[in-house]
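The next part holds the structures, each set out as structure tokens.
Consider the two complexes below, in which chain A is the common component and chain B and chain C are the respective partners.
Coming up: the complex of A and B.
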């Protein structure tokens, strides 16, 4: 196995999933790159059993609600899934169709929304927009339940165009109003539970008598449009294909400026965006073919470490790598709060615009949390992923400081670091000489030293890149 | 410039989501107010009247007291021409003072650089909240971003103090600026070092603090408590920034808006009471703003995105009262159903920058604008 094949596979798994340990990388690289892309796009592994989590956290079963329950539940899936791209796409759509507990305050409905992203995330975008327009959490989040034929509420109508499909600058204020009229009467109704305690579930409800059935003019088309007609027109717009392509590029390839800047700042790689947008249009708005083209492209393969990890990638990637968090132990609620400390509270984005990504993830407070979290996990030599590294180092026998550092950088990624960074790591390792495994005492000392150097590697700047 | 013995300090409290102007400073004397608000209305007599025309929202009692004491200025009709009704774009405009193109520098980022050009104090600006506000962003300007002052610190899980010192020393060298580094690497390096140094400075604040004031348990009161702790520790912080969100009241506005203003008003009252108790209020001015106001006519349950809004400026040095003109509510005077701004927000900023922080506003706000004279 050449080290470059491993490095490329590590790149694919970091972006198309949440990273992978050495054994998985070797197995996937042996199978081949394109075959792995196919496995990611068409996952055949069993989905995570939702009931495993609920079995151990019966208090999380509906209808009780409290902040954080949904994100703990989702974190369990993020850590355990064997269908990594599917789950990465759930995160992607959660970034784009950002819906938050700050207002919805009903974790079960938020989880139902991300379940919808899991079901449809690699499917048809038009169908997903229709499902989104009927999604109870979204209807409540953007007040479409208050969008009446006699009193139009523009919240959903505006964001559908501005943040979910076309982007600012591609429609007029009149289009927003007409679009909103078409979605009047699209509302929610509660499902009364058998036991009247806590939150009721919601379901989509279309109230014909509350729908404004009049003629509307939207993006140059005129007719007695209902919501689905609006979505069909939206999907035909080249701006929508460009918008979706740019989102995918920003999420999977390289950091772009934030969404509000898109109307003013062209993409850094317009050719790549055009390629993705064309695939999207040609396939009739299917997402899977776009992902296939993206991951097999040179612009993707050449974008190693060109992105700052999101907090979810830091937390989930580190936990999956270090291991030991697969079982939904009592601390999982607190564990799930860590992405929030780094500026990304799952199921509770700051607003419907979602999170500002890339370098905007980094500020002094968030960087401190990112470093502290990764250093604590990777420096914990009892965790299975770290045990695996120790085992792999041990079979290499006595290791001079330089080889010790290089092996650790290789096994943790491979992680590419600047020569200056490597020099500091080597100097640090040199203070205590070569790594030896001859006696029980030496094994103890060396194990501790591996933990220490991994802690330091977790705090280097390069670890912040995906 | 107002003279104070100590360096002037600015606290910005951002009301995120678009605060409803008409139900905050209520034009209760105008029949058009009630005509436009069949559902989202403050019943006559409940407003806290400031004069025979306008009154504050009934849950703003503490702010009414500050107004009566002459320490609260209301700035009417704030906004910018051709107002944009997107939260994000509008907030960007307020943050960068660039309505016509995408700005990269925040107005307070530039102000912080002017206040401390040699970066002598890395806690000149302190932001409360998980992410950095664009208003504070400027290349090479450090901002300490704190969420919890009590647990702020790098690699605090290393038990041995000796070992931690060694690791932090290595960290310092790894994060040192390198020749030919790219922007993101340099930014990470600088942020990492500032995080480490800033934590060392800020962590003393809670230990030095004691107060008779019991802040409310609300998020905004707890943020302002953190601001007070750092201010009272005399660490030289000149700009504090925090926000309170939830003002996007498309639905169920009456209850939600009342709670928002109750929480904000009580938190501000706690904050200034605390500062006065420590004789540390006279060099602090607080600015409250929102990215836009809301539509004049309600939608049956809430109000949609609008245009002109209002700002509050609070402090011992503030000349209380009302500034500017409440925009006309007459149908013929509205634009797309919204109040038309008559005071550019950059004029409001200019007053704060020039007459409080002692800076030249023009290069910061990108032009010269009419300045309301509340300082």
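Coming up: the complex of A and C.
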């Protein structure tokens, strides 16, 4: 197996999933790159058994107001899924259709929303927009439950056009108003109050008597439009294809400017965006064909370590690599809060605009949290993923400092670091000489040194890149 | 319907006891209930993770055993007290799962994280504990359901070892059966357990979607249910109880109902939850909140309020001939009487 094949596969699995250990990378590389893309786009592995988590943590079925902890059962899925691209797309849509607990205050409704993203995330975008418009958490988040035929609320209508489909500059204020009229009567049915028997599930409710059935003119089309008609027109717009394509490029290929700047700043690779947008339109708004084109493209393959990892990628990728968090042990709610400490509280984005990405993920506080978290996990030599690295180093026999460092960088990624970074790691390793495994004492010392060097690798700049 | 006539039996919904509360008059994710010879019931509360930025053994809230007298009529219930709390010190609990009483009224509680059994006296004073993690004889990986026979011998479901172990009341290992599998006598992540008046043992075979009946020595005798949502089918049963007629009540956890089978395994009836009247304590919460009263009056149908949501534990009260179900997500008990003297009204009435 050539190291380049492994490195390319590692790139695909970091972006199309949350990374992979060496054994998985070798197996996938042996199967081939395009075949692996196909496996990712059409996963055949069993979904995570969600009941396993709920059996041990019934309190998370409808979790109470408790910042950050309500995403614990999603974290369990993120850690355990064998369908990594499917879950990555859940994260993608959660970022695009950002909906937050700060207002919704019903974690289980947000979990239901991400369940919908899991079901539809690689399916048809038009159908997902319809499901999104009927999603109770979204309806409450963007006030469509207060959008009446007799008193229009434009929040959902505006964000549908601005942040969920076409982007600013591709519609008028009149279009926003007419769009909003079309969604009047799309609401959620009242449920019993939560104060005596806990929270009840919300359900979509279409109230025909509250719907404005009058004639509307939207993006040049005129008719007595209802919500689905609006979504059909939105999907026909080239701007929508460009918008979705640019989001996918930003998430999977390379960091773009923040979304509000897109109307003023052209994409860094317009040709790539056009390719993705054309596939989107040609396929009738299907997402899977776009992902297939994206992952097989040269612009993707040449974008290694061109993106700063999101906090979710840091936490989930590190936990999956190090292992040991597969069982939902007590304290998983606090484990789930770690992405929030790094600036990305899952199920609670700062606004409907989602999180600002790229370099905006990094500040001195968040960087310290990232490094400390990764160092703690990767430096824990009892974790199965780290044990695997130790085992692979051990079979190589005595390792001089340079080979020790190179092997660790290879097995943890492969992680490509700058020469000066590598030099610093080698200097540190040289202080204690070669790695030896001859006696029980040497095994103990070397095991400790592996944990130490992995901690250092977790703290280098390059570890924060995908 | 709150009175159900089925296959010669009459089941009559009695009432609901409880509300969600992390202390006092109410429950927090109740998972098991045990009844004394009198009116006192013990309700085991699993609690939930709620407290941030603390070590793993301090994050949960609401873990405790609630002591409640339930009486016979709606409104009879009285909160008596509670005992035990979260933590991993002696007398504390992390993942309390099963509960049973011995002939002296001592309360035995399994903990499927700490892999031990904690014993309290009838007033909740901690007595002792035993158990250790492992797969060997007498060790545990996730002890969950527990039942105590008339000789005070303990049958404990060892869930992640997919077996049942029998112990003396002092924790001395006696024997075991099961093992991972789907064949008769094998188990997959079993959960609840009960013993009938003949001494036969029933186990909620959680991931095999069935209940298995065993002789006291572990010989498989029968099985109830298969995977599905239809009549007599089960989706991850969590607990089982048996009445004096041999009828078998199964907590059909992921189908949000209780399924009832006759002694011969035939499906008899299903309960989906019938809490049409609020409990006494729930009314207290509601009446203290005018906004909640108004909101509740807006709800087109209150059926969601009546129904079970992940019912987790069942116990049959042989003295009062009634079934008590822990309605986990709703923080309450739903109680059904099995009537022996019901006079059916004329159809023409």
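We adopt the following convention: the second predicted complex is superposed on the first by the 450 of 466 C-alpha atoms of A that agree within 3 Å, B and C clash if a C-alpha of one lies under 4 Å from a C-alpha of the other, contacts with A are read in each partner's own complex, and residues count from 1 in each chain.
Rule of thumb we're sticking to: a residue touches a chain if its C-beta (ideal position, glycine included) is under 8 Å from a C-beta of that chain, and two chains touch if they have at least 3 such contacts.
As the structure is a prediction and not an experimental result, all values here were calculated from the model.
Of the two partner chains placed by the overlay, only chain C lies in contact with A:201; chain B stays clear of it.
Of the two partner chains placed by superposition, A:384 touches none, neither chain B nor chain C.
Comparing chain B with chain C, the partner in contact with more residues of chain A is B. Of the two partner chains placed around the shared chain by superposition, chain B is the only one that A:363 touches, whereas chain C remains out of contact. Of the two partner chains, chain C is the only one that A:58 touches; chain B does not reach it.
In the superposition on chain A, A:284 contacts neither chain B nor chain C. Residue contacts after overlaying the shared chain place A:191 against chain C, while chain B stays out of touching range. Shared-chain residue A:330: touches chain C; no touch with chain B. In the superposition on chain A, no chain A position is in contact with chain B in one complex as well as with chain C in the other.
On the side of chain C, the complex with chain A involves touching residues 19-20, 28-29, 31, 46-50, 52-57, 59-60, 94-95, 112-113, 191, 206, 236, 238, 253-254, 278-279, 281-283, 285-286, 289, 291-292, 295-296, 298-300, 302, 304-305, 309-310, 312, 328-332. Contacts from chain A toward chain C in the complex involve residues 51, 54-64, 66-69, 72, 189-193, 195-198, 200-201, 329-334, 337.
Interface residues of chain A facing chain B in the complex, by the touch rule stated above, are 102-103, 142-143, 145-146, 148, 150-155, 158, 162, 168, 173, 257, 259-261, 264-265, 308, 340-343, 345, 350-353, 355-356, 359-368, 371-372, 375-376, 418, 420-421, 424-425, 427-428, 452, 455-456, 459-461, 464. By the touch rule above, chain B contacts chain A in their complex via residues 16-17, 85-89, 92, 101-102, 127, 130-132, 142-147, 152-158, 163, 167, 170-171, 173-176, 178, 183-185, 187-189, 191-192, 194-195, 198-199, 245-246, 248, 250-251, 299-302, 304-305, 336.
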